[in-house]
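Each of the next two complexes has subunit A plus one more chain, namely subunit B in the first and subunit C in the second.
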Partner chain A sequence: MSKDFSIHVEHVTRVEGHGNIEVNVRAGKIEKVEWRVVEAPRFFEAMLRGQNYNELRPITSRICGICSIGHSLASLKATEDALGVHITEQTAILRRLAINAENMQSHILHIGYLVAPDLFGVGSVFPLVGTKHTDALLTIVKLHRLANEMSDLVCGRTIHPIRLIVGGFSMVPTEKQLLRLRERLEEARTLTSTVAGTVHSVADRLPAFTRETEYIALSTENEYALYDGVITSTDTGKHPDYKEYQSIMKEYVVPHSTAKYAKHARDSYMVGALARFNLNSSQLHPAAKEVASMFGLKPMNYNPFMNTIAQLVEFAHNIEDSLHWIDVLLENGVRDEKPAKIKPKAGRGVGIVEVPRGILVHDYTLNSKGYCTKANCIIPTNQNHANIQKDMEQLVPEILSRPEKEIELTLEMLVRAYDPCISCSTHYLDVTFV
Partner chain B sequence: MKQKPRVAVFDFADCEGCELEIANLEEEILDLIEIVDIVSFREVMKEHSDTYDIAIVEGSIMRPMDERRLRSIRSKAKILVALGACATIGGVNKIRNQWMPDEVLHEVYGNADVKGNELFDVFKTKALKEVVPVDYYIHGCPIDRDEFKHVITALVLGKKPEIPTYPVCVECKKNENICQFELGKFCLGPITRAGCKAICPTHNSTCEGCRGLIKKAEADCVKEVLERYKLSYEDIRRRCTMYNYGREECSVDE
Partner chain C sequence: MKKIGVIGIGNLLRKDDGVGIVLLERLQKQKKELPKNIEFIDGGTGGMNLLHLLAQFDTVLLIDAVDFKGRPGEARVFSLKDIQSQKKPVMMSTHDPDFLNLLRLSQELKELPETLVIFGVQPRDVSHGMGLSKEIETVLDDLYLKLQKEIQDFVR
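The block that comes next holds the complex of A and B.
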């Protein structure tokens, strides 16, 4: 079949940040398939230079509104690594609650507000108000509220957390507040099943597309890795030397994008919920495994559209994991601990965490007075851009015979499946063009 | 019934956290769409219209291409509202303004050839009002959801929203917090615009000044705090390292 058409989606909607999709087909031949990131670069690396170690966390939090807790935690881990600061068990547990809360907030936002409209054939959630889907929508809103209020409780605020500081917390929740949170998380189990049922009823709208690629995420023997772990690849296994992350996450720049691209063992790799699932699914809580089996999700799954389902699986896991850690806190008794004492010293520190969209690295060098002289951040979405591009290159020929509008929608859905966070990914650039 | 005002939400260089705070209104979004028609909001909807009464604009202006887009939005909107610190005062994006754009470009991109590539053609960070007239301001990093509701409701009713001109200290005292200065920390509360319910000091953190500076005369109401810790408006202004780069005091219309 031969046809001429071009697709130009300027500023893909229902994603964080500005990205365009360009496709050119002439006489049935694909001349161009391009994922372009056009967001303004923001120069965070330059802005961190000369800042005191205490300021690095609040500034880098502003890289991203959706994952400001994740950036804060990576920042604190890097700063504490550089300064040789050790945190208490209670701080480590509270940080795990923070990471669970953010994962839940971000995942339910993506599943409910950004992806679901495609599955229901509408442009946003607003037209669903007043239809038979109203209850499902309100359930999603309820879970979103719970996740945000959990962040408020642990971090002081859900967007740009306040209580997370170098060496600990500026304030901690009370046992009474934790008990109340515990009750609400228990109630959320049923609500999560309801949402899983709703998504399942329209899951056949998710394209059945597969492309083998490499997946990278943290992993550890103790748990489903989010706060701690070792960089692990489905192609090359474990890479324990965390300070050598740049030998795994090789970033490069392309001129049509203000965000960097990355590769490792192949032309591209994927990070995020599906990568974590593919590497660590055996460590998920049984309740989460149940959600996975409901959708037939098994490792290795090579369908990027299933990333949204992997997020739903993780949501169920985050609830159970939070309940576990709240119990540990209550058993130990919550102490009003002061943050660790800090003596500025020169050094380099690297902090790596799993955030909703994948593995995130902050790397700081401090001088003897504790001021930052060099900073580097590797953002999950940057690591996915090349994989999105490679997926598009395989996907477009496979669906070329379909109507133009459908091709366009499928490509938009592909971008959305990765849940890109483009503001994050244009935080800065420092490498040369290829 | 009178037609609902048509509202469009746009974003420039920022973290999109303030838009997310709109989504974080949770069930109250349903009340919001009762009183306004949201006709464009790229972060959460595919539908888009170029016909709107109120434009809510988030983010800083970094490039000529952003400036053109903002002017076009301004030309279509009857009312333009700046949303969040990046839009109202330039926010953290202005930290880089202590260096020239060429210097920042070189420092960050090295010797990469970005000349003539409009995506990378940056000037010094600008707040919205440095490019187009702004009618109303919703301050903060991020914004306060209650203040957002207050401003939108006022605009729908055709009233002027009331935004505090007094310092954060006033709200902090109301919350009965221990003064951050008393704890040996340095806080920007005495010269920063209130309206955030003093959220940072309330969680035992210092104010970073994200809502912009108040006028010098307004700091008189915390004279007692300034005297106790032997500080002046200027002393505190010099410590504004995260927000408020290059600012003297607030302009009359903010």
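The block that comes next holds the complex of A and C.
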């Protein structure tokens, strides 16, 4: 078949003006398939240099409003590692609640507001209001609200947390508040099943695409790893020396993008919910395993579109895991602990956590007065860019005979499945007066 | 008593894009002088996560950097019906940088506050970096006074 067409999907900002999906086909032959991104974490690294250790967390939480808890936790872990600070069991539990809250917030947002419109065959979330899908949307809104409230309770804010500080928490939730949250989470179990049922009813719209790749995530013997664990690859197994993360996440630059790319054992690897599922699914709570089995999701799954389903599975797990940790807190009794005392010293620290989009690394070097002299942040979205590119290179020839609009939509859906983080962009309104 | 929210929006790591947060922080420091039914919220770059914040209030004043092709540092107060977005919808990420999309969803869900006013400041420089540009920094006191007056009118 011979045809000419080009796809050019403008992604974000008028500031940089880069197109993000570029496909050129001439006489049925693919001339170009490119995933282009505008992103600049290196600027953040420069902003951290010269800052006091206490300022690193508040600044890095500003990198992204959706992943601000994750950036905060990676930052705190790196700072505490550099300063030799140990946290209490209660702090570690509260941080696990925080990470669950953010995962729930982000996943339900992605499933409900970004992927659902594709599955229901509408262009955006807006047409879903006032249709037969309104109830499903309102259920999603309720779950999103609960996740926000949980984040508020544990971190002091829905966005850009304030209670997470070096060595502990500036304020902890009361037992009464935790009991109330517990009730709300129990109610959320049924709502989650409703959402899973709705997504399942349209899941056949997820493209049946597979491409074998490497998956990287934290893993640990103790739990489904989010807050702590060892860097693990589906190709090469465990890599316990966390300070040597750069030998796993090998960053490089490509001519068509301002963002850094990353690779390890192959040309690309994937991070995020599907990577975690492929590596650690046996540690999921039974309720989450039930959701996985409803969709026939089993490790190894090589379909990037199933990342959304893995997020749904994790959402169910996050609820159960939070209930577990709330029970432990209530059993131990919530103590009004003061954060650990800090004595600045020179050193290097690395903090690694799993955030909604995948494994996140912060690496700081501090001088003897506790000021940052060097910083490195490896964000999940950058680690996924090469994988998105490789997916597109395989996907486009497979769907080339389809109508142009369908090819464009499928490629957009692929990008949406990864939910790339673009919060480093500007947020100002660009308007004309009418 | 009506619940009033004053929400600052923007990215502090992109210079003038963060002017809404800088002004909000000033207000927070002076909040004793302002009525108690006002809640001050740092919305940062929360994107869609801000949806539920809006639903909590009867009246909202948003403080944000707004490119209305004005003079850097110029402030304009307007409501949604006064404007048209120049940004294309993104829909490829939940990190949607266009707050107007979120307002639209809030409206569709019938959660939009009864009154919503935007205090917009024309940015000069939204490149990466912390701190405001000189043009905005020099008019910050004036902007703050104008904002304060706006809030007084708002609660009246």
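Methods note: the second predicted complex is superposed on the first by the 410 of 434 C-alpha atoms of A that agree within 3 Å, B and C clash if a C-alpha of one lies under 4 Å from a C-alpha of the other, contacts with A are read in each partner's own complex, and residues count from 1 in each chain.
As a working rule, contacts are C-beta pairs under 8 Å (C-beta built on N, C-alpha and C of every residue); 3 or more make two chains touch, one makes a residue touch a chain.
If you're wondering where the values come from, they're calculated on a predicted model, not measured in any experiment.
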Partner chain(s) touched by A:P420 [first = subunit B, second = subunit C, both, neither]: second
Which superposed partner A:T258 touches (first subunit B, second subunit C, both, neither): first
Subunit B versus subunit C as contact partner of A:H110, first or second or both or neither: second
Partner chain in contact with A:G65 - subunit B first, subunit C second, else both or neither: both
Contacts of A:T232 with subunit B and subunit C, given as first, second, both or neither: neither
Which superposed partner A:N20 touches (first subunit B, second subunit C, both, neither): second
Which superposed partner A:S124 touches (first subunit B, second subunit C, both, neither): both
Subunit B versus subunit C as contact partner of A:T410, first or second or both or neither: neither
Set intersection of subunit A contacts, subunit C complex versus subunit B complex: 11, 13-15, 40, 43, 47, 59, 62-66, 68, 109, 113-114, 117, 123-126, 129, 138, 141, 144-145, 148, 157-160, 423-424, 428-433
List of subunit C residues in touch with subunit A within their complex: 9-14, 16-17, 42-53, 64-69, 78, 81-95, 97-100, 104-105, 108-109, 118, 120, 123, 126, 128-130
Subunit A-touching residues of subunit B, taken from the complex the two chains share: 11-21, 23-24, 26-27, 29-30, 33, 38, 41-48, 62-63, 66, 91-93, 95-96, 99, 104, 107-113, 117, 119-120, 122, 141-142, 199-200, 203-205, 208, 241-242
Sites on subunit A touched by subunit C in the complex: 9-15, 20, 40, 43-44, 47, 59, 62-66, 68, 105-106, 109-110, 113-114, 117, 123-126, 129-130, 138, 141, 144-145, 148, 157-160, 412, 415-416, 419-434
Of all residues in subunit A, those that touch subunit B in their complex: 11, 13-18, 38-43, 45-47, 49, 51, 55, 58-59, 62-66, 68, 109, 113-114, 117, 123-126, 129, 138, 141-142, 144-145, 148, 156-160, 162-163, 165, 170-171, 253, 255-258, 423-424, 428-433
